[in-house]
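Each of the next two complexes has chain A plus one other chain: chain B in the first, chain C in the second.
The block that comes next holds the complex of A and B.
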């Protein structure tokens, strides 16, 4: 399969790989996908008291496009407010990475991971 | 750097196909350029020269497997040989019964030939092998029915390299008066085959897995006791009516030379390849959570099939693009399904997806193996650092017990 240069770049030099302390009240964790489907994404965000994402980390088990999608969103998330983060659409991820149609689900998964991380943070903070 | 990128990957996919040995290619060339006669032409020296070359090659193919050259029928390859043997013999002897016995891990061309017979009114059993890939003799015996006409079992599996006990399986077939076909495409030049003693009625061969050209193969059809088959290709009555079509002299000469070299060099070559394979195995087993697929003892030395747990198959293939290997991953197959062979061994989808088949051959060097070990170690480590599943495994979480959200 031919990958775009952007996918290859993120695959070979993934940004923001790692983990944040999931027990930290300022950290939201999203884990989406399933091993049997071939993709699992873990996305974590640390949010300041005024609601701005200060840091984002990911780990992904999946194909090159899944790794690139999650790597890309960690870059996009930093500095955004939660509301802005919620507005990130899978179509924007797919467009930026020039994903072929069979890999669109990777961008959908990345969007789900963002929403899941925000929901985790909000439930932690009782909002 | 550019130079490095443009370099060809290291070839470790000899079970897919082998390069033609230069000695074979050299022997073939005159039969394209000078001796172009039709071996069936009886009226001039062009034909006689070609016919002589064809018969010498037939002799060489027969010698490698200790058969009579009159038992060798030329085909276009092992796929055709398997089709001809399975459909040809089952139809010829269908008065005896219409049940076929084969193994779930056979090559697709065997499975699909049997499926075609099912559409034609036959019934079939696809026996599951044991988790090590080997056929249990008792289960095989029990699967034979009074109406079983033919059984087909491969000698060496193409994905996991395991070697079946053909002698014992053949004896069971003899006792039950079942015709026994063996696909030996992956076996020639790798394991000793002595058809004078083996209770096998039909055996399929391919040239291009043994350093010969693509597009040529053979079917062994036993003479004593005589096995009859219905032709699948009709025409000029070549190959005693079993397979019509002008014989491709240069291809046949290539197969003959490839099999001659295999007979002479097999023993030494296998020792050398075994050392390389063992080195590769030990190098990779340095890592945690690697699983060898298929029995290691009853296995050709050329094959190593390994699953790397917690690493996704497609990203693994992307990571090892400097070596040419095959993968059990869906992403690299035409059917988009993970390896049905590994699934039949009871491997999970994840492990089947993250498998790599390394197959070593005549031109593999120790430096190739060293490079491969280092490459795999680096890349697996990198992908595992990226893998949330590896992190969970390291934290002692049983991933099979996690409830995953469906997507």
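The block that comes next holds the complex of A and C.
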């Protein structure tokens, strides 16, 4: 299957690969997986005291579309508030990357990773 | 409607099956329907026999593997464990998956380390697989069966990657 140029770009030059300190109270860590294909995705965000995402990192073991989806969302997340981040929909990711129907689940994975990271942060901060 | 693999191979529709019987039934059916036996018959019959052979092979491969058998049983209960909407897996399990993948990445060229990793993973896999019979005991509560089968899919994936890496080294 042919990947779109945008997927290839993110796959070959992934943005923001890496880790943040998961014990930092300002860091939220989201871990999700797709049993269908065995992909595993970790997404981390660091949020300032006024609730703005200052940094985002990811680590994904999966296909090109899964890597591209997580790479793209780390770019989108920076500078957003948590509420704005929560609004990121998988359909927007799929559209931006021109994902074919069989790869839509990769964008679902990325959306769920964002939600999981936010949930982790909130539970850490007791909100 | 597609034929039920258990019926095809004359086995009860349960997770725990008699593997000897599976082999025996498979072989006797194969003998009966083997396309070579129909060389003198009309094309339609040949095609029917080839189709049947493929079906029986498919059924055999599915039931022989505990993981495929578990998936197939769930499928018969109308549960598709490959549902793409399902992404939330226990965090500690995923953490372990992540660590294994990191280890694989770090030791891609190191045969010994990869074999050790494969060994550890196989132990873990066998442990998880040993839970399957119990998970399928109660048809009205398949929650654990779904969970365990999904976990095994992640483990199969990393095993496959390790094998690929080992082949590259050799």
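The rule is short, and it goes like this: the second predicted complex is superposed on the first by the 123 of 127 C-alpha atoms of A that agree within 3 Å, B and C clash if a C-alpha of one lies under 4 Å from a C-alpha of the other, contacts with A are read in each partner's own complex, and residues count from 1 in each chain.
The rule we apply is simple: a contact is a pair of C-beta atoms (placed from the backbone, for glycine too) under 8 Å apart; a residue touches a chain by one contact, two chains touch by 3 or more.
All figures in this text were calculated on a predicted structure; none of them were measured in a lab.
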item: Chain C versus chain B on the shared chain A, clash or fit after superposition; value: clash
item: Chain B versus chain C as contact partner of A:17, first or second or both or neither; value: first
item: Which of chain B and chain C A:38 touches, first, second, both or neither; value: both
item: Partner chain(s) touched by A:104 [first = chain B, second = chain C, both, neither]; value: second
item: Chain A residues touched by each partner, larger count belonging to chain B or chain C; value: B
item: Contacts of A:51 with chain B and chain C, given as first, second, both or neither; value: neither
item: Which of chain B and chain C A:112 touches, first, second, both or neither; value: both
item: Touching partner for A:63 - first (chain B), second (chain C), both, neither; value: first
item: Listed stretches 40-48, 112-120 or 148-156 of chain B, narrowed to the one that overlaps chain C; value: 112-120
item: Residues of chain A at both interfaces, chain B in one complex, chain C in the other; value: 31-40, 42, 59, 61, 105, 108-109, 112
item: Complex interface listing, chain A residues touching chain B; value: 1, 3, 11, 14, 17, 19, 31-42, 59-64, 66-67, 105, 108-109, 112
item: Chain C-facing residues of chain A, complex; value: 31-40, 42, 59, 61, 104-105, 108-109, 112-113, 116
item: Chain C residues touching chain A - in the complex, by the definition given at the top; value: 81-89, 91, 94-95, 97-98, 101, 150-151, 153-154, 156-158
item: Residues of chain B touching chain A in the complex; value: 310-315, 318, 330-331, 348-350, 353, 385-391, 399, 404-407
